[in-house]
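First chain A sits with chain B, and in the next complex the same chain sits with chain C.
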Partner chain A sequence: MPFARALLLDRARPMTSAKTASRRSPVTRVLFDGPAFPFIMIVPALLVLGFVIGLPMLEALRLSFDTIALRRPAAAGTYGLHNYARLVSDPKAYAALGLSALYMTGTVLGSVALALSAALLTRRVVRFSGLARIAFLLPWTMPAVVTALVWGVMYDGNFGVINRLLDFVPFVDGRNWLVDRSSALGALIVAQVWNEFPVAYIFFLAGLKAIPEELYEAAKIDRANAFQQFRHITLPHLRFIIAVIVILLMIMGFKSFPIIFLLTGGGPAGATETMTVLTYNTAFRSLDFSYAATLGILAVLASAMLVLGYLRLLPRTGHGDVM
Partner chain B sequence: MTAFRASPFAPALVVTLRTIAIVGLAMVVLFPVYWMAVIALTPTGLGRQVMTFFPASPTFENFVTLFTERPMARWIWNSILVATLASAISLAFGTSCGYALSRLRFRGAGLLLIAVLTTQMMPATSIVVPLYMLFRAWGLLDTMHGMVVGHVSLVVPLATWMSKGFFDSIPTDLESAARIDGCTHGAAFVHIALPLAMPGLAAIFIYGFVTSWHDFLFSRTLVNSQELWTAANGISSFRGEYFTLQELQMAAALVFALPVVVVFFVMQRWIVSGALSGSIR
Partner chain C sequence: MASVDFRSINKRYDALDVLRDVDIAIPDGEFVVFVGPSGCGKSTLLRMLAGLETITGGTISIGTDVVNALPPRDRDIAMVFQNYALYPHMSVAHNIGFPLRMVGTPRPEIERRVSEAAEMLGLTPYLSRLPRELSGGQRQRVAMGRAVVREPSVFLFDEPLSNLDASLRVRMRGEIKRLHQRLGTTMIYVTHDQIEAMTLADRIVVLRAGKVEQIGTPLELYNTPANPFVAQFIGSPSMNILEGVIAEEGRARIGETLIEIGGPHPGFSPNASVQIGIRPHDIALAEPGRGALAGELQLIEEMGNSRLLTIEVGGEPVQLETQLQVALRPGEAVHLALSRDKLHLFPA
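Take a look at the complex of A and B:
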């Protein structure tokens, strides 16, 4: 690294010599050194962001006041607050928010529990530690589409491997997991947890690494048992990491689409129709684009609140130097 | 733990119990991947009759079917094309913004940061509905460049936020030194910060590529013709089409997931540090 830096400085030197600097025009100075510089740096990204995100967001806003729906073609162009009025009294929208909240809660609890156990188990492993970590990171590399396909095959009601494994467990019966109303959401949560818990695992491993080993040695001298060590040393040190990961997992759960859409499509009878799936189904199944845009705006507002919570926590964790 | 300490076998016992727990948990976590391989290697149509936990008569016929009877190769090529373009465009435009957010003080920086992060973290379904309407008006539906635009909207916020993280981790001393020597801020960015961030930029490119490769929603909604599908959309269609032919579904899933697994483990360190800076989900 020092060698690379020396090389870089060497390359920078010729043009940083006083001779070149004096030759530089005042225009260059203003553009690349003065108050205009930040804007030159952000304008390209702003243009792209404006085109691919800003414009669609404006269009979503416009759509939400318009009436673009297959069922009412004649109503196009009648602007008003009707989509918002419908939103406030739509039981499906409330149900979707509730299901999203349930889905988020389930995936957060499951992922944190699984990731924390895996991290606590592997933190001090010396032999084959790389192998163990790879095992716990592998599900993360699986695309959501692949996660959906493989869990779909495993949940198969008749000959799925999960039902066959449950044959070995007394008092637990197999069922058609994704079709049964009482189990569909839980089955989706399990698939999502499997896919996303490695993110939490990475955070926890890094957080555990940052706890000074002397604390545990002191605790052992004081004859603290393993649970007391966890309760009074590990947990307090992981507090902020847990807070950050909980918000990240909430965001991931809220955004989740392919797993739910491909496995149940929102069914059975709306039992798994979260905000994202309801938005999609409203637009591309009911072909009511205006109302779908309104639901989409609601979803953006909800995620903006999560982002604000995330940003408030971020500086306090010192996330940059945990590894 | 203290209870065991009295006996000289205690540490060995703890290690053994822990190893059993790790192996058990790892087996549960790895099982779906293993099962995917088992079913993919089972002769077509016999997936539901696998009664052991091993493929009875392993065969590659499912993989052959994928490439001979379905346009799998075409879909993979589409994915490579779209992902490369979307990631390269996003990197080119996102990096300078990430640098500005990391190093420069300007009005609205905080707001821009929140906006970038929100767009990265909001559900893609919110953007895809209006994007679909705009694309319909502009005649961009069912085109490859339309899909690239869609994927850029996924990757640009990520590239911006990630490059900010990488620039944050590079010390400013070198740039300050160059500027004292008379270098403009712009030149310091191009000649000093960018080369130093090169490994990070490579990681961003690859992560952007993977994000686009994994995307299902944009490909599903913005493109209709089968020959324009990306691989994610293509393999997901097997769930509807070959609902009973689990073996083909699993073979396709395996083919689709494998390149990312390889890339991930080659770049494990960068991706892990990226995840910790909050830029990767």
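Take a look at the complex of A and C:
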């Protein structure tokens, strides 16, 4: 029997005689019988979290006030607000913030649209339903590195399959997707959407399965057409799930790194240099760790504000709202 | 308003025949109840009329139009479901007005018709509530309001009262009956409860295993059941069926006992096996003697104004309903007299 369960069972057993109680030491009684017991039980988890998440964040905060730049080693230990002063007037940081927002919006919209379509398409599939679901889940199992490499080959201007296919389409010319400033960010978004939409897909599929079929039957008899059924039955039932998925995808999109980094590294000429890539480049290309930490703090603040703002925008949705 | 016509209807799921050659003609304005044990195909028949199930064979017409190929929205029907199927995120008013909004009815008219329907069903105080804030009976009324507001040519009810408790069921039954009297629209009602069928229907269709057993008014089914199944299904407590053999003119033999069966009964020749049906209140306790069936009392169930006795006759249980308050004990030997004019004879 697991230790915690044994403890709980022990607590659940009523203390029938004073004899049993007196056998416990006073310390044990305070720890296990007092109101502090639940809090004591979560202390180990809090310690672990504090160690692996809290400490690095505090260190990043400290670093952002220091001057650890390997090109100016002598400046180390100079504390101050200089990194933040630089940030406020750094056009690259603002551009990166904008690109991150654009990238996030693109991946969220693309993933939700693709996942919802795929879920609607496969919800009523009976034969080969397992196969269909696996097909739509497969991209998720692909490591981002593999995704990046495969899409990199497909986007290639000379021998990529995308341009080859475009040869068959009249009036549309192929281009060097990742090198062309106007298409690079869009191309990255497509690869990212392909990689992450399955997360939303399984949520949506589960949500759709939970809608009682009878409601669609009632709606059909109440003269609702297919679009009206979607608008008045499906969407309201998925509202809560969509809200959760959008938050999840926003966070995933905002901190997305490997696909962008591997495909363009932030180029061409900064056209895809999002917050994460700019932070990386500042730290490991410019070797300015302190300024990179400052950028990291900005990224955390920005994404926290985004999510909080989004949560405020949401209507008060409870679980029971629709169920 | 419209008549409904089922002609040679067949329904098959893979290898399973759910309905076989069903013919039912329902004139305009009639209240028809489909009744039968679960799995008899009554709900399937209703859902085929609604357009929620495909038709394997035959034709269904509403008015003069064959509707086989029409989607539900074009059939001009309204349906009340067993689990109400209310839209959980919409207020009562929005639920009731939904069928009107779907076809772009102007807003003022929707409001007028919704408030009319709510008035009729006593839902006016609840119009802004959500379905989950209502009781079972109120939800059922909302489902009815959603059907009424459309002024359809046919109303379909799929076991609408089976989720309600007994007393509420009786009340809602009355409301449905009143609704029919008030609107005069054709209504088709599916239930497995023969009391609901008897009390509501102008005519009842009894179904078993995908086939129509009998169609008739409640009293026709009660007084002249076409076969032992209908005889036992309609009426409560259920009719007794005894196995016998036709003896000489006007008599039949049950076990060793000769009983009077009146007659003449054309179609029953001497020595033919026969199933003799008799309702529990048409059997009386009797003195031992000629024509009295001997049995052993097994069970006494008090029902207030009467009592139901279960008596074993020749190894088979026979039920008897009596208002006599004589002292009886289980295990006692008793004798039964069957009213000669109340017997129902079926070929065995």
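Just so we're on the same page, the second predicted complex is superposed on the first by the 250 of 323 C-alpha atoms of A that agree within 3 Å, B and C clash if a C-alpha of one lies under 4 Å from a C-alpha of the other, contacts with A are read in each partner's own complex, and residues count from 1 in each chain.
Heads up, the rule we're going with is that a contact is a pair of C-beta atoms (placed from the backbone, for glycine too) under 8 Å apart; a residue touches a chain by one contact, two chains touch by 3 or more.
What you see is a predicted model; the values in this text were computed from it and never measured.
Using the contact criterion defined above for the overlaid structures, shared-chain residue A:85 touches neither chain B nor chain C, since it reaches no partner.
Counting residues of chain A touched by each partner, chain B versus chain C, the larger count belongs to B.
When the two complexes are overlaid on their common chain A, residue A:172 makes contact with neither chain B nor chain C. By the touch criterion defined above, A:113 lies against neither chain B nor chain C after alignment on the C-alpha atoms of chain A. When the shared chain is aligned, chain B and chain C each come close enough to touch A:223. Touch criterion met: A:215 reaches chain C, while chain B stays clear of it. With both structures placed on the common chain, the touch criterion links A:232 to chain C but leaves chain B unconnected. The intersection of chain A residues touching chain B with those touching chain C, taken from the two complexes, comprises 220, 223-225, 320, 322-323.
The part of chain A that touches chain B in the complex is made up of residues 5, 8-9, 11-13, 15-18, 20-22, 24, 28-29, 31-33, 37-42, 44-49, 51-53, 55-57, 59-60, 63, 68, 117-118, 121-122, 125, 132, 134-154, 156, 158-159, 161, 164, 194, 196, 199, 202-203, 206, 220, 223-226, 244, 248, 251-252, 254-255, 257-258, 262, 275-277, 279-280, 283-284, 289, 292-293, 296-297, 299-300, 303-304, 306-308, 310-311, 314, 319-320, 322-323.
Those residues of chain A lying in contact with chain C across their complex are 212, 214-215, 217-225, 228, 232-233, 236-237, 320-323. Interface of chain B with chain A (complex): residues 1-3, 18, 21-22, 25-26, 29-30, 32-33, 35-36, 39, 47-51, 89-90, 92-94, 96-97, 99-101, 104-106, 109, 112-119, 121-134, 149-150, 152-153, 156-157, 160, 165, 168-169, 174, 177-178, 181-189, 191-192, 195-196, 213-214, 216-217, 221, 232, 235-236, 238-239, 246, 249-250, 252-253, 256-257, 260-261, 264-265, 268, 272-273, 275-278, 280-281.
Listing the residues of chain C that touch chain A in their complex gives 50-52, 71-73, 77-79, 81, 83, 85-90, 98-99, 102-103, 132, 146, 150.
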